[in-house]
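Comments concern the structure below.
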Amino acid sequence: MTTTPAATPPSEPRAPVTDTRISALRLVFRNKVTVAGTVVLAVVVFAAAFGPLLAPYGINDVDVPNALQPPSGQHWFGTDELGRDVFSRVLVSARVSILVGLVSVGFALLVGVTLGLLAGFYGKWLDTVVMRAADVLFAFPVLLLALAIVAVLGPGLTTAMIAIGVVYTPIFARVTRASTLAVREEPFVKASISIGASSSLILRRHILPNITGPIIVQTSLSLAFAILSEAALSFLGLGVQPPDPSWGRMLYVAKDFLSDAWWMSFFPGAAIFLTVLAFNLVGDGLRDVLDPRQRTAIEARSGR
Amino acid sequence: QEGVDLGDGGGGDSENGRNLVAAIAGEPDQLDPHNTSAYFSFQVLENVYDTLVAPDENLEMQPALAESWETSDDQLTWTFTLRDDVTFHDGSEFTSEDVAYSFNRIIDEELGNAYRFGAVESIETPDEQTVVIKVSSPSPNLLSSIGGFKGMAIVSAENVESGDIQDTPIGTGPFAFDSYTTGDSISLTANEDYWGGAPEIPGVTFRFISEGTTALADLTAGQVDWTDSIPAQQVTSLESNPDVEVGMVPSNDYWYLAPNQASAPYDDVRVRQAIAYAIDRDAITQAASFGNATTNQLAIPESSSWYTEYSEYSLDLERAQQLMDDAGASDLAMELMVTTQYPETVTAAEVIADNLSQIGITVDIRTLDFATWLDEQANGNFDMLMLGWLGNIDPDDFYYNQHHSEGSSNAQGYSNPEVDQLLDEARTETDVAARQGLYDQAATQIADDGSYIYLYNPDVIQAWSPALEGYEPRSDRAIRFADVSFAE
Amino acid sequence: MTDAVLDVRNLNLSVGRANIVNDVSFSVSQGSTLGIVGESGSGKSMTVLGATGLVDSPPAVVTGTSTIDGANLVGLSRAKLQKIHGRRIGFIFQDPSTSLNPVLTIERQLTEGPETHLGMTRRAAKRKALDLLEAVGIPDPGSRLGAYPHQLSGGMKQRVMIAVALACDPALLIADEPTTALDVTTQSQIMALVRSLQERVGMAVVWISHDLGVISGVAEEVVVLYGGQVVEQAGILELFRNPLHPYTQGLLQARPTLGSTAELVVIPGSPPDPKHLPEGCVFFDRCPLRLDPRCETERPPLAAVGADHLVRSFCATSGSDRISNAWEASRV
Amino acid sequence: MNRTLLYFLLRRLGHTALVLVGVMVVVFTLVHLVPGDPVRVALGTRYTEESYNALRAASGLDQPLLVQFFSYVGNAITGNLGVSFRNGDPVTQVLLARLPATLSLAIAGMVVALLIAVPLGLYAALNEGKTSDGIIRAVSQFGVSVPDFWMGLLLIILFSSVLGWLPPSGYVPLTEDPLGWLSRVTLPAVTVGLVAGSIMTRYIRAAVLDVMGASYIRTARSKGLKRNVVIGRHIVRNALVPVLTIGGIQMATMLGGLIVVEVVFAWPGLGRLVFDAVAARDYAVIQGAVLLIAAMFLLINLIVDLLYAVADPRIRVS
Amino acid sequence: MSDTPLLSVQDLQVHFSVSTPTGRGTVHAVENISFDLRRGETLGLVGESGSGKSTIANALMRLETPTAGKLLLDGKDVTRVKGRELKELRRRIAMVFQDPFSALNPRQTVGASVAEPLVVHGLAGAASSRRARVNELFGLVGLPERFADRYPHELSGGQRQRVCIARALAGEPDIIILDEATASLDVSVQAQIMNLLKRLQADLGLTHLFVAHDLAAVEYMSHRVLVMYLGRLMELSPKVELYRAPGHPYTQALLSAIPLADPLQERNRERTLLQGDVPSPLNPPSGCVFRTRCPLAISECADVVPEPVVLGEDHVAACIRTAEVPLLNR
């Protein structure tokens, strides 16, 4: 099949488009806010990876006579009720908090998105079953669900992660299903079916990429809430096991020293706040970059 | 103090003043004294019920519902003469039948406290005023068994049989049960006909405030008059607060570690001893109770007449390491089982973990909720556990149960025939000095064998408003409001 | 043009670096209709929105004058604009299914204008609403008052939109592609309706469309927009009979017409990006003529080539035959 | 219209029943899977083997699980949720006693959340990109990332201990003492409301921004309506639907028991009941409470769906 | 007729079951439509919005399942085919949709979209030869190859529609269904696309089903025209005859609604303006569905569903008063 190409060469489209695409990574860094978020996250991840090596003190170096010292040159963030160095503990806790966030949300993401995608795409009885099951989980009081899971599996980091993961699964399933339902009706899906594409190809190539926006937003929100849920579980004594610190546990212990030792709650609290904020900022940035429309806008804005 | 009128704090007003509001750290599970084992229940019931005899501030048994008693020469028959001016809150007469009914209920229904009547053969009521208890062997601790706490209270048969006792108990005590708001509070009103004299205050409202910071805020805001829901770490700052009275007395409670002798290498006495040498009791005590406790290497505090001097285990890492080496135990991974129900165990565990790491024991702290903890303990699923034993009066109660081969609370699986024999003997020894001697020996042996590694005796810490007069904290944690009053 | 209802002079509108409207002037007099044609993105909507003060500025920057009742709408305060919008100027937008508020009843959307501008009571406004629905040819208007937009067909919705626009008897009606989203049959109904209403109340109409056929049916005067500029302006007959700008020519020959199967002219490429307008003639890169060396470097002025006929091209004066032939040659 | 509504309600009730059965199965399984023996908790540390067995038999816990489940479901259908293992109180009665406290905290918390979120969300959206928008977003971010127990204690220290304005804890029924109720519900409601309000602020902002871009808003402005009318009548009504969704979820969460906040403020609500019941392995109470919470959750969902129809006439049809 | 038509549609019926405020109802989207699609021709399909044009297109692609009737492709019944055969059907028939933006996945480069049929049908093998084929297709529709890496929103409407056409051509189909493929484009662009389609048809021997509501565009593009109203066939005729002498009042009304090129003619022409709206397909009028808006309607029209009347070779109109239809005054 050979034919002459159309005689009239069409001119450029309205929006100036560079033919060499800027890499996604570089695009992320065009946005100052996203960069700030990324830097914070990088610090947190760095602390998670190398915290134990960087910490000036052992996290469990109990030194009761030196308990409850305010921040000083020696102990930047002060000491806690057992005389342990708060800075070291905040640093090392990054690992737990990040782990809890990533693993539990990763679990919820994987299971929830898969179920939501299938339910939304295939509909019918599968939809009914999956969504009713999600309703059952959803109707369960969140902390109680976590409580029960922790009680079954015994407390600890792993179970806390599973518990939080299970709690967030129905949310992901719902968000995914709603988006899938919407995208499924899009003409380009119909177009792909009309080509003869299989369901799996449509799910992979068309539906999934187009529901990443809400999923990313939900993920960054959930990451934040997962870190906080770990704190709530700690409040109920179900989170990370002592003596290992987590930001949530530290806050929990610190609550009894609220009026005497502000540093015990301030620093882990600030760590949570900054991390949660960073997750949200990076999530927003990522969503923008993954959306080709936003991407062009960013490319155009950043000149060339 | 801020002069904001924020209402009366939940209690009912009456002409002669307002209810005392006491904040306790939790909600009673039920109000049947024979069935509950919760301290929160007894905080309330202490003021509702009476026992035949009751401990005074030195924990000596004094007449209560029983005016007097005598023992037969063979020590096998106890005859109690009851007061004749006592009525229940519902107005019915208190008689010896009620005593027999109460005790038989515990025995016949095999309720939790039945073990205290292990030696009792019969309970007879020759007349309304007399109760005769026959025992199979001399029982020097009978008085503390029937009067040590309100779990042995004299209840009303009618109240039990109607089933009301679980939430509307009727007793003979200084306060009568008034109302119960689930999750929030229980109110008692003064018993005007109390045999010990009517209380001065119109009533008591117990509020359930588990968060210590909240309870203290309530106390300083004048919403609460009394509380024992106090984070130990806030005691120091509390003591300097002029708006609050803080009362602290050494208690008979003790906290201990128990290595599980059913699992290797904790069956080796050297390992247990090594642990005992390696731990820093001072740091543990400081960390767990912020100094509001006294370290001890045995169960009984110095203030008690049963006190025994013992100081074998001073911190000695070398010795501990030596013992570990002798036992051939190196690089030990140990699961230390503690419970969130008692946060001090969690804090102490963190220090202990640090201590033991220095002799090559890696401690994995298992923090369980109490229900699971109890299950695991009963199933022997632990390497070492930490817990406390509360409200102790007679040594038989705890030494026998915890360290006799047949003891019902011997979860650590300790068995030493010598100790068994000492405890058996002490049970029936009626001479006080001789009995004390037996317990001295037994206790020393138990500590030497490392059956329990005793840590400290905590203080009873309570705080109340300066306006509250006549309140004294007691070393057995009994909360009695019969004699308190408000200053004008 | 003393009886001009709306008189727009040298209107410019830019957002950031995008010059969306460039030096546009036109006026429309009472009882007559001005048509604005142009491709998508040529700045038709922005021209009228800018001229009537309906764009948010900032971000948009608007200069020039746009006079109605002696008041310059460009730069007028929000409060003063509010008194003119809806009262002196009524608007109809392209897609009737999105330009009516989905959660309010037809009645509410019809009455809020008269209540605001004419100080009518709710009851009086309701009576007015009934009359309006009647006037725009909605059968059984009484029962339609309580309806919500989604309960009406597209044509009905556009009639309601017209009723909303005419609720306060405005002097000027701005119709921004009011029939583009509708069926041809409905389109001819709406066109007929607006014409008859215009005859009755004598308002001025600015009718925007990209379809020259529609414009030929409604307008007396036509403005052809390209790249935010007026490239040609003339009376309707003059424009169809004697189009001078190559773009206008192309537009006329690109549309299929009934009864003619002559091959269509193709205007290659697409309109310029308002952020990167060419230095010279805005139509330069698509133009088949490019007769003058200035075409690439210099903006041609909008020049009068006859009575009421303006054209912006260096090539226009060379005669329309040449232009037609140029398009012929470029056919595929 | 009415037939549709009836049809809709019936179908929803069917769903609800289905989900409730599911909840029952899950909670029953879960509760019995959880290690920890209620009898041991009840007996504490000092008891004999005999007393243990006696209590176990007395409370029917020695029956096979399946028997226990079916007798439970059978009773539940007739409205009998069993009796509390701890004190023999009928569970229904226990739950009803706790409901008012939970309801009043949830409603008050929602009011606070709305008082925070509606003006802030709206204001931020109307001033998109300006400094005030940034500040509101930052503050809401802060509200989201502060754990509630911490916020609660901070409020207690500030408003009770330092300023002495409000009592730190306790609950008085609204019907008995409205002022006392108000003074006591304020702090917990603010604690709850700050968190929920922060979340809702973001949703409201997004929803309003969405609506502001719609072309009917341009229509409304083209009518020369006052800004307030455009906002109040046109923007807000249309932004309601997405806000209802998130509001419903927040409300359901609150009704489900705010364990942590209830513990901090000694609030006699369902959350603390569940927490205590779990600690004591009081099976009947846990099951009953979860069932009630699930039912309330579904009820809220239903109400939200009905409200959708009120807010958005388009939904009324389908 | 010596050879079988490429595609034959026989008594096609598509109903949708929907829930309405008053219970369940049936949308009669397409009722008993029969027509042939002949090799190499363009059949125009016109009608107002909601008349069932897209439904027919979808039924041919088997995106909707016909409730009754038959589809014959090369004489072979494909009404119920599944799996591999269905896939083959969807290779042989390709479709171009109305809105070229929403018909392209916004998260995929247009090159990937064009390559999709190749992947799906295992054509053009390896990635490199696929790339070459995509480039060839881009050339075919007059797009520079470098556009392959762009996202849909970075292209103009006309360019996007070219991409859609390239994708439709990728599987080397016999039939292309153009569902209002030019309706959303600007006139200038519309002309580009229509000319392109004509050229491709001539070069590649394609058969087109050209769905539109613009009768002028249909006249330009088609050999024969099928006019639909409310799911029913109104008229089917060779183009020239239909425009010169429409045999159905509905066709006549459609024609008179088209604006004329010349303003003078446009203003002075006599129009048959249709009144009111299309009735609901949930309960279409009895007899002739057009009678409620028909200027020629008589009482009989309500009783019988009019049979197609043969008016000439290949020319049928479903109207009992077809003789009375006035000639369009030009």
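Going by the order they are written in, the chains are A, B, C, D and E; count residues from 1 in each one.
Convention: contacts are C-beta pairs under 8 Å (C-beta built on N, C-alpha and C of every residue); 3 or more make two chains touch, one makes a residue touch a chain.
Everything numeric here is computed off the predicted structure, so don't read it as measured data.
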Fewest hops from chain C to chain D - one hop per pair of touching chains: 1
Which two chains share the largest set of C-beta contact pairs: B-D
Distance from the mean Cα position of chain C to that of chain B, given in whole angstrom: 90
Computed distance of Cα centres, chain B from chain A, in Å: 47
Separation of chain B from chain D, taking each centre as the mean of its C-alpha atoms, in whole Å: 38
CA centroid of chain C to CA centroid of chain E, Å: 31
Shared interface positions of chain B, touching two or more other chains: 213, 369, 372
Set of chain C residues in contact with two or more other chains: 266, 268, 270, 332
Per-residue overlap in chain E, given as positions that touch at least 2 other chains: 156, 158-159, 192, 199
Parts of chain B lying in touch with chain A, wherever the complex brings them together: 212-213, 231, 233-234, 237, 282-283, 286-287, 290, 340, 343, 346-347, 349-351, 353-354, 357, 364-369, 372
Complex contacts: residues of chain A adjacent to chain B: 60-62, 64, 67, 81-82, 151, 154-155, 236-238, 241-243, 255-260
Residue numbers on chain D that touch chain B, as the complex places them: 34-38, 40-51, 53-55, 86-89, 94, 97-98, 101, 153, 156-157, 160-161, 164-172, 177, 180, 183, 263-269, 272-273, 276, 278-281
Partner chain E, residues of chain A touching it in the complex: 1, 3, 5-10, 13-15, 17, 19, 21, 186-188, 190-198, 201, 205-206, 209-210, 212, 290-293, 295-296
Residue numbers on chain D that touch chain A, as the complex places them: 15, 18-19, 22-23, 26-27, 30-31, 33-36, 141-142, 144-150, 153-154, 157, 161, 253, 256-257, 259-260, 263, 271, 274-275, 278, 286, 290, 293-294, 297-298
